[in-house]
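Have a look at this one.
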Amino acid sequence: MNALSPSTPLLRVEGLEQSFGGVMALAGVSFQLDEGVIQAVIGPNGAGKTTLFNALCGFYRPSAGSIRFAGQELRGLPPYRIAAHGIARTFQNLQLFFNMTVIENVMVGCHLRARTRWLAAALRLPQVRREERQLRQWAREALTLCDLADWAEQSAGALPYGLMKRVEIARALAARPRLLLLDEPAAGLNDTETLALRELIARIRASGVTVLLVEHHMPLVMGVSDRLLVLDYGSVLAEGAPAEIQADPRVIAAYLGGAVHYAV
Amino acid sequence: MRLAGFYGFAALVVLLPLLFPNDYFVIVVGASAGLHAILAVGLNLLVGYAGQISLGHAAFFGMGAYASAILTTRFGWPGLLALLAGLLVAGLLAWLLARPILRLRGHYLAMATLGFGVIVHVILVQATDWTGGPDGLSGIPPLNLFGWTVEGDLQWYGVIAAAMLLAIWLSLNLVDSQIGRALRAVHGSEFAAQMMGIDTARAKTQVFVVSALFAAFAGSLFAHQQAFVSPDSFNLAVSVELVTMVVLGGIASTFGAACGAIALTLLRQGLVVFEDYEMLIHGALLMAVMIFLPQGLFVGLGQALRTGLRRCGLGRRRDRHRSLSTAGVQDPGSPP
Amino acid sequence: MPEQLFQFLLTGITVGSLYALVGLGFALIYNASDVVNFAQGEFVMLGAMLTIALLGAGLPLPLAALAATGLTVLVGLLLERFAIEPALGAPVVSTIIITIGAAIFLRGAALLLWGKDFHRLPAFSGDAPIQLGSATLLPQSLWVLGGTALLVLGVRFFFERTRPGKALLACSYNRTAAQLVGINVRVMLRLAYGLSAGLGALAGILIAPITFSSYEAGVMLGLKGFSAAIVGGMGNPMGAVVGGLLLGVLESLGAGLISSGYKDAIAFLFVLMVLFFEPTGLFGHKVAERV
């Protein structure tokens, strides 16, 4: 039997725990994500959303629990191996390579498909030339998907903020991931840019990539997501379709009733 | 044309001795500058591209030189074989050191590499039986390349110039490939690089080894060219000078590193006439360049020139869109 | 053998105190500006050489020492104003080269003023060694130990009890926040450089009767001070003091028991070992980076 029969989710997280010096940032988080779905993770500040992302990507070593992705256990693997399993991400604080052009950034995104070795590269063997052309081609495709083709040769550091965030998405897509994690993709964007982002996320899903996003911008979250996961104090508070979540009294309490806690 | 600059530079290197075949400054100082250029180009891969500082690179330079010196004088090895042995020793040591050392960041990395350099220097001074101690080793036979013995200043200029052009060509190729982009990614953001599937620890190890190989290679040539080695050529001051060359020319630019090496070598030579004032001027110049041209001579002057041309309406406008918000732009080296 | 060990220990603590003082200077400047000041050793050299020169010019020792310290502080302030301030926020490599440039500049100036000769300051209170069991101690070592203890306590008092000290500490934690509560960060920066230069000069004056001084005397001392600050965890002043003492004792034991020629190699091997196991030093902040 195929490990990914229709009933098996693409990602299954169980009892994930992460503590920082006694503070439980993730206190046994469990959820699952089906292939082809757009799921948003929401919750008050400090609920553990970015921590969850960092744990999924291997930047943290969770102390307990399991992360099964496409039938493989990922917990404890370093980020570069997790990336090789087909997970890509963007960052809340931009992590662009400011020392490169836009297309070079995206070409780095193709790294998992590159085969060039040191000696071949130093001697510029014919296969290296071929690969350069191929990587450039792939990078252009990712840029085109993200409406960035015109900016390819610009220095990444010279772009407006909204475009920088978009380059991060293009770079992540260039890795051809099965799962894309977006960490606050709308933060700092204006309304037009947010609208374009919403459309881009839909396009990404249409290309066959599953999307998990952390986001505070509620209209975007409600408009684009198939499912929502609500975190509070490092635990799952609720999970379900957007309409169910909006009506869930616990969620309302966490956001409104608990507002006093988060006001400071 | 990708290598246009390279061919232009190569033509200059070949033309100079034809125009001034007996000029001490061109032939002798030029050869010295060429050796430094090999060292700087190799170190630039580590410092400029991968963003990892090393204040101990003279150690690898010394290892190449002493491997050649000891193996040819004590054991009668042919020069080329000794050179290969030097590369092997330096590469192996770099490989062993890379993982624990390159885990360190910023000033801690500077300290560790500096300490490594001092340790190797102390060994060169103290292990008298092997290295000849502070007096060094003399009588290193001339280099024999497949039957041709390199002799005289002009021939050495040729050999070193060829080696330097080879080093520059290799570096240009590396930088303009996925390998080079991966290195720059490590510099730009280690987090993002890892998330793109780059094993950053491995990439750092590899570039450390490669830059050590460049240094050891230059060391072997240096030993044969001088026919004499002593620890003074491989002390901390030399390590610092190498980093200065890389930064002076302009970080993360192969030609920048080469030009920095050549400029500093010529400068040091030129300052000799000031005798006692040499140190004073040298120190003042280092400070001045870093303060007023933080991107280095080569890159900084190049940019100033472009801006000047653009202002006159001559240059093509490259940045169609001025950079906007700095809100999202953090120091790429240190994620908050 | 045990008696010898005691002697090595005494020597080690004396040398270590010096490293501690130089390391303290490194930590002060690093705290205030994130810059590792490679010219710290040159402050030590200037303190010693200026005192010797002023003494030669006929000034009594206390006055010569005071004037030398004052002049070195002035050099520290000038360095801050003309080399560090214009380059604030530059990458680590650039600041390293700037301060190394400053070190070479100061060495060059010393070479011009005093030539390449070695000089020595007479001991503050005679050269008759003090017997401690089988070990001996120079009276000057007591000056070094006592002076170091006083200066370290003074620095602690400054940080914990005085307003400028607390303000400086605040700057080291968060410069922006310090600015927001009304601390003049520039003034603090100058304070740190002045203080650090003064500490260096005093260290140089204390040691000048024990070792010979020349224009190059600051190089190794500076590196050992940097090592002390790194071992202690960059930016932790008391860590630098502990690091300096550890380094001095280990180096002295290594020189005595293994080989004096390898003294420096042993010291740096110790630093490397510390870093391999504690990448941010013994008492450094464990930095948790946010993505």
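General observations
Each chain carries a letter (A, B and C) given by its place in the written order, and its residues are counted from 1.
Operating definition for what follows: a residue touches a chain if its C-beta (ideal position, glycine included) is under 8 Å from a C-beta of that chain, and two chains touch if they have at least 3 such contacts.
Model, not experiment: these values are computed from the prediction.
Comparing the CA-atom centres of all chains against that of chain A, the greatest distance is found for C. The central chain of the assembly on a C-alpha centroid basis is B. Separating the CA-averaged centres of chain A and chain C is a span of 48 Å. Chain A and chain B have CA centres that are 39 Å apart.
Here the CA centre of chain B is 31 Å from the CA centre of chain C.
Shown for chain A are the residues that touch two or more other chains, namely 59, 91, 93, 95. Each of the following residues of chain C touches two or more other chains: 290-291.
Listed for chain B are residues 191, 335-336, each touching two or more other chains. Within the complex, the chain A residues that touch chain B are 57-59, 78-80, 83-84, 88-89, 91, 93-100, 104, 107-112, 114, 116-118, 121-124, 128, 131-132, 135, 154-155, 157-161, 164-165, 171-172, 175, 188.
The residues of chain C lying in touch with chain B in their complex are 30, 36, 83, 86-87, 90-94, 96-98, 100-109, 111-112, 219, 223, 226-227, 230, 234, 259, 261-262, 264-265, 268-269, 271-272, 275-276, 279-281, 289-291. Those residues of chain B lying in contact with chain A across their complex are 170, 173-174, 176-182, 184-185, 187-189, 191-200, 206, 210, 252, 319-325, 327-330, 332, 335-336.
On the side of chain B, the complex with chain C involves touching residues 47, 53, 55, 100, 103-108, 110-112, 114-116, 118-119, 122-123, 125-126, 191, 236, 240, 243-244, 247, 251, 276-287, 290-291, 294, 333-336.
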